[in-house]
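In the two complexes that follow, chain A is the common piece, with chain B as its partner first and chain C second.
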Partner chain A sequence: MARLSAKLAAIPGLRPVGESSLAGLIGMILGALLLLLYKFNPLLAYESLFAGGFGSLYGWAESLANATPLILTALTFAVGLRGGLFNIGAEGQVYVGALAAVATGLLPVPAALRLIVTLVLALAAGALWGLVPALLKMTRGVHEVISTIMLNWIAYFFAFYLIAHTLSSPLNGSRTIRIPPAARFGVILPGTDLNYGILVSILLALLFYFLLWRTTVGFELRAVGYNPRAAHYAGMDEHSIGHWAFLLGGVSAGLAGAVQLMGRPPSYAILSGIPQLLNLGFDGIGVAMIGRNHPLGILLAAVFFGGLEAGGRTMELVAGVPLEMVRVVEGLILIALAVPELGRFLTYLRHLNPLELLSRQRRRAD
Partner chain B sequence: MLQSKIKLLAVLGLILAVGFMVLPGGVTAAAQTKGQVAMVLDVGGRGDLSFNDMGFKGLEEAAQELGVKTVVLQSASAADYLPNIRNAARSGKNELIIAIGFLLADAVNQVAQEFPKQKFAIIDSVVDQPNVRSIVFRENESSALVGALAAMVAAQDGFKKVGVVLGIPIPVLFHFEAGYRFGIDWGNKKYAQVTGTNPNVGLLWTYTGTFSDIAKGKASTEAQLKLGAGLVYNVAGPLGIGDLEAISEAIQQAGHQAGPPFMIGVDSDQDWMGGGNKVLASAMKRVDNATFDVIKSVVQGNFQPGTASQGLDNGGVAFSRYANLLNFINFGINANAIKEGDRGTIIKNWLEMRQQIPYWIWDAVSELEVKIMTGKVTVPTANTPDEIQAIRKQFPLGG
Partner chain C sequence: MSSAYLWGLLFFSLHAMVPITLAAVGEVIGETAGLFNIGLEGIMLTAALTGALGATQGGWPLGLLVGLATGLLIGLIFGLISTYAKGDQLIVGIGVNLFALGFVAFGLTLLGSPGFYIVPAASRLPKIHTAVGNLSPLVLVAVILPFLVYWLLNYTQLGLKLKAVGEQPAAADVAGLRVNALRLGATACGAALAGLAGAYLSIDWLGSVTKEISAGRGFIALATVVFAGLNPLLTLLGGIIFGFFDSLATWVANIPGVKEAVPWQMISMLPYVVTLLVVAVIGRVHFPSALGKPYSRE
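Coming up: the complex of A and B.
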């Protein structure tokens, strides 16, 4: 028995998976109590929730389709946190990436190159938007939480302006022009939303894994995030490392906006009120927390998160639970799942001396 | 100790993983119970006391009077539109799927092609498929009536402006804005004709960019009141709740019980809100009747695909009157917004509020109503940004 435990302990990733399963179970029990309290059948509710997300090929396809943009926005937050930054700017960078993807439709590009040019311009737009908080932080000492929140709002209203004016469809004022067919990702499984855009997400997650754990820049980035002072004394340039974290995050979030528009049927355009982009960036923070801010963990967490979203619809349809209650139950499960990583994150924050942080920032500002 | 903990966690993990795998996948299998209707709502959702709740009201009335079973699917984000409609179609249980709102148009268009035998209806947008009934409204006509009323009442009460708080700039809202502008212009002229002085009542207008953020409705209304608006028209569903808060506070600060300033309600008859003496009138859009009628057509076997345009002449849009007030007080009671005991006070307050407006103004509104119904007056409308720009130039109203 002891040998079995030793063997189990030796399997990498088992401990976090076990921890998360326990946390998830606790969340589910709390959710079940709440459902009981409001006189819904928790067994039927959970059965429809998980059957809807993972019980059939259709369910899996929907879950993966939901996961596609979340993987990318979670990477944005994770790469920031690994570098010691609390970058919550993915939301705005998603909008900017999506706008760039739509705007590319106005450019004369040969059909064969459309897809790749659209992706490149979108990631460039996201990266540029991500660089603004980087420059503000490195040159003026503006904290990234403040600057990214403000930039999210600027991007939000900028998007509203462009949708209503510059990019507005001449046929239908309630949406932008559509992404041209040559720049769209095809649907993998007909009759579902799953499209080849998911390959972009998976590739980028693998690329981030390689970058963070197999390159010098990645090593330095993690070192700065883990202990900025030690990294500084070891001769690392925390400024340029910080730029990298913002830049990579912007690339990822910009792609999230583009992939959502280029792949997800049926509109292939931004609707007024940007309902299909709203909250992708913030949901990514949750996914990153559940996925332990690790690219591979994020892949799993995003599929789980996407599955809850897909299953939530079946819960409405089959178990008759209203959407508000579905969201509360899902929220309980997700918060429970994020608790282990949140705990670690808070411990990490406590270890950093706040006064030290302040003086560091002041030095930067000078 | 650590090892036993790990063991426990691993076992729990396994249980969960196995649990997911053995769960049945057949929840969406077709069971042929007929007589069920699915309603899919956009992100605005229920509780707006306006557009979405009107659709829901029609659905509930159909459930009671026609005996159909109903299921409501609300959308948490735009990514839900297509799967929600598709799930409803896949289940095979729903004789009719009703999509409430223009945002769902692309999704209805796609699922209608995937399931050609499934019947669909969509409100506020046109989907050109052989199994879809599209219902659109001429909101410009009802907005012209409340615009005319607003201008004349503002002039009468000594206000220089009237206001409108809108949601997201979309074609449906351009209908409202175009009609309102036309109506204010008509009201100014009528007032001049009757009293001999042109009041030149101007327009303050705000597109808030949201159909859900009630606080933005309040902030926009407060700004318009400060700039001299005597009446504010709510054209953003639930934002009217915020508009009314701002108006109630202004009334309170002036030390009064009733308006002016007044709100003008939208979609449902909102006259009962705020006690019956703060919402002067409502531009109703009978999403409830349209929903009920299309369900009835399916039940009776005479469902017709194609587009229906509903205006003042066929009751699709209307100016709120006493009979509507009585009906919609029940709507407010059902929504838990007011209590049964409030009914008498609301009716009394409403009658007093309307009586304080000179009778010739109500006559003028009726005159315009008849002229629109009989085609003697054509109210302009707009569907694109360019068209609404042209209307703004034609009726600048001081702006």
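Coming up: the complex of A and C.
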């Protein structure tokens, strides 16, 4: 038994997975207490939540569809944090990327190139929006938490303006013009929202993994994030590394906005009030934290969050619990995850050898 | 332009200042002691709902009290995790914001009014009637409080202790100060003020609760702290500047002629653009050396 636990400890990545799972469990338990407080049945609620998200092929498809943009916005936050930056600007960069994707529809582009041009313009727009906090930080010392939050709000109202004016659909005042059919991602499973846009997310996650762990820039980025002073003395240029972190983050979030519009049926347009873009950036932060800011962890965590979201609707129908409960649980999971003692608790659990416990009990009984 | 318009602008600015200044002054106390609470927005949002429910049950005094208590409770949880448990303050703060987003929407749905909840007129804070308009008593609180906190931080022993645990926790520890206890107390009191700001939004100024009632004001309060460079008196100025542009947006949007020429979305951007510009102009400010870092004895 002791040998087994030693073996388990040697597997890389098991500890973070364990910590995230434990935080998930604590968040769910606290959520259950809240449900009890409001006289709901937590067992029924959670059962329907998971049945809705992961209990059927349809559920899985919806969960993966929800995960698609979350993977990208989580990458934005993760690449920032790996570089020592607290970039919470994905929210605004998503809006800007989505607006650019819609605006591409106004340009004369050959049908064969439309999909790729739309993606490129969206990621460029996201990157530009992401560079503003980078410049403010490097030149003026403005903390990125403040600048990105302000830029999120500016992008929010800018989106409202463009939806009502420049990009407004002449046919329907409550949405923008549609993404042209040539720039849409096909649906993978008919009748669901799951589309080939998820390939963009997976590809980018792999690309970020390669960039961060297999290139010099990635190494320097992680070094600056891990110990800025040591990185500085090693001759690394924190400013250019910081720009890279914001730039990559902007690219990823810009793509999130584009993919969300180009892939999800049926509207293929931004609706007024931007319901399909709202909070994608903020949810991405949670996904990144639970995925431990690692591209592979993010893929798993995004499917988990996507599943909660998809199952939330089932929970509302079956258990009568408002959909918003899902976000309450997500917040509680994050708070639990911030406690480093959780990790120590896991180590403690590992030392609790069940056989030894048993013999100890027996000894006490004697 | 009639003077009534200008008085209206001034009064609106003063009322818009209150939540920013209250939350910012609270955050100054916490940051002086070394804790950075990014969850102000979530605290305001949660307290807006709980305060409104408290006021509906037992009138405005209970509402304000519940708002304060909500802030205090979340501040204690945030503080405990950030001090004794040595957790990551930014993550806890983000968690608080996410929780609040869900909790308030959840609560509003349970109240049977998804979208918004109107606080009964009888449960709202009474106004001070003046010759030129009605004024909330909390405007006075928000004006006086920064001076009190300024005095507390600069002219009392407690203030000195708070600065010590924010700047040099190790030295403060050696000198016999209880670093974590002081930090916890400071951030909890600060969070209570953010809770008061939230209750003000729902049971006084706006008279209702919506999912987006805080509208980024918690984050603007954080920006105001940067602007103020941790000087409580300057949070008053920061609050007034933001409040002015916030009210200007509403005011301009209602003037015939201007309304048609400038789209409302562009005017609504103003407060955020101005905040960004002000922070950019001020540039780097001095913060306590140990801000944001959990303290542990080596």
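Just so we're on the same page, the second predicted complex is superposed on the first by the 322 of 366 C-alpha atoms of A that agree within 3 Å, B and C clash if a C-alpha of one lies under 4 Å from a C-alpha of the other, contacts with A are read in each partner's own complex, and residues count from 1 in each chain.
By definition in this document, contacts are C-beta pairs under 8 Å (C-beta built on N, C-alpha and C of every residue); 3 or more make two chains touch, one makes a residue touch a chain.
Everything quoted here is computed from the prediction, not taken from an experiment.
Contacts of A:R140 after superposition: chain C is touched, whereas chain B is not reached.
When the shared chain is aligned, chain C comes close enough to touch A:F158, but chain B does not.
The wider contact with chain A, measured as residues touched, comes from B rather than the other of chain B and chain C.
Of the two partner chains placed around the shared chain by superposition, neither chain B nor chain C is touched by A:A302.
Of the two partner chains, chain C is the only one touched by A:I285; chain B is not.
In the superposed model, A:S174 lies in contact with chain B only, and not with chain C. In the superposition on chain A, A:L261 makes contact with neither chain B nor chain C. Once chain A of one complex is fitted onto chain A of the other, the partner contacts of A:P322 extend to both chain B and chain C. When the shared chain is aligned, chain C comes close enough to touch A:I149, but chain B does not.
Annotation: chain A residues 157, 160, 164-165, 279, 322, 326-327 touch chain B in one complex and chain C in the other. Interface residues of chain A, counted against chain C in their complex, comprise 38, 86, 88, 136, 140-143, 145-147, 149-151, 153-154, 157-158, 160-161, 164-165, 279, 282-283, 285-286, 289, 322, 324-341. Contact residues of chain A toward chain B in the complex are 2, 4-6, 8-9, 14-15, 17-22, 24-25, 47-48, 50-52, 54-56, 58-59, 62, 65-66, 157, 160, 164-165, 168, 170, 172-174, 191, 193, 264-267, 271-273, 275-276, 278-279, 309-310, 312-314, 316-318, 320, 322-323, 326-327. If you check the complex, the residues on chain C that touch chain A are 38, 42, 77, 81, 85-92, 94-103, 105-106, 109-110, 114, 216, 219, 222-223, 226, 263, 265-266, 268-269, 272-273, 275-276, 279-281, 283-285.
Those residues of chain B that touch chain A in the complex are listed here as 2-4, 6-10, 12-13, 15-17, 19-20, 23-28, 42-43, 45, 71-80, 82-84, 86-88, 90-91, 102-103, 106-107, 109-110, 114, 168-172, 174, 209-211, 383-385.
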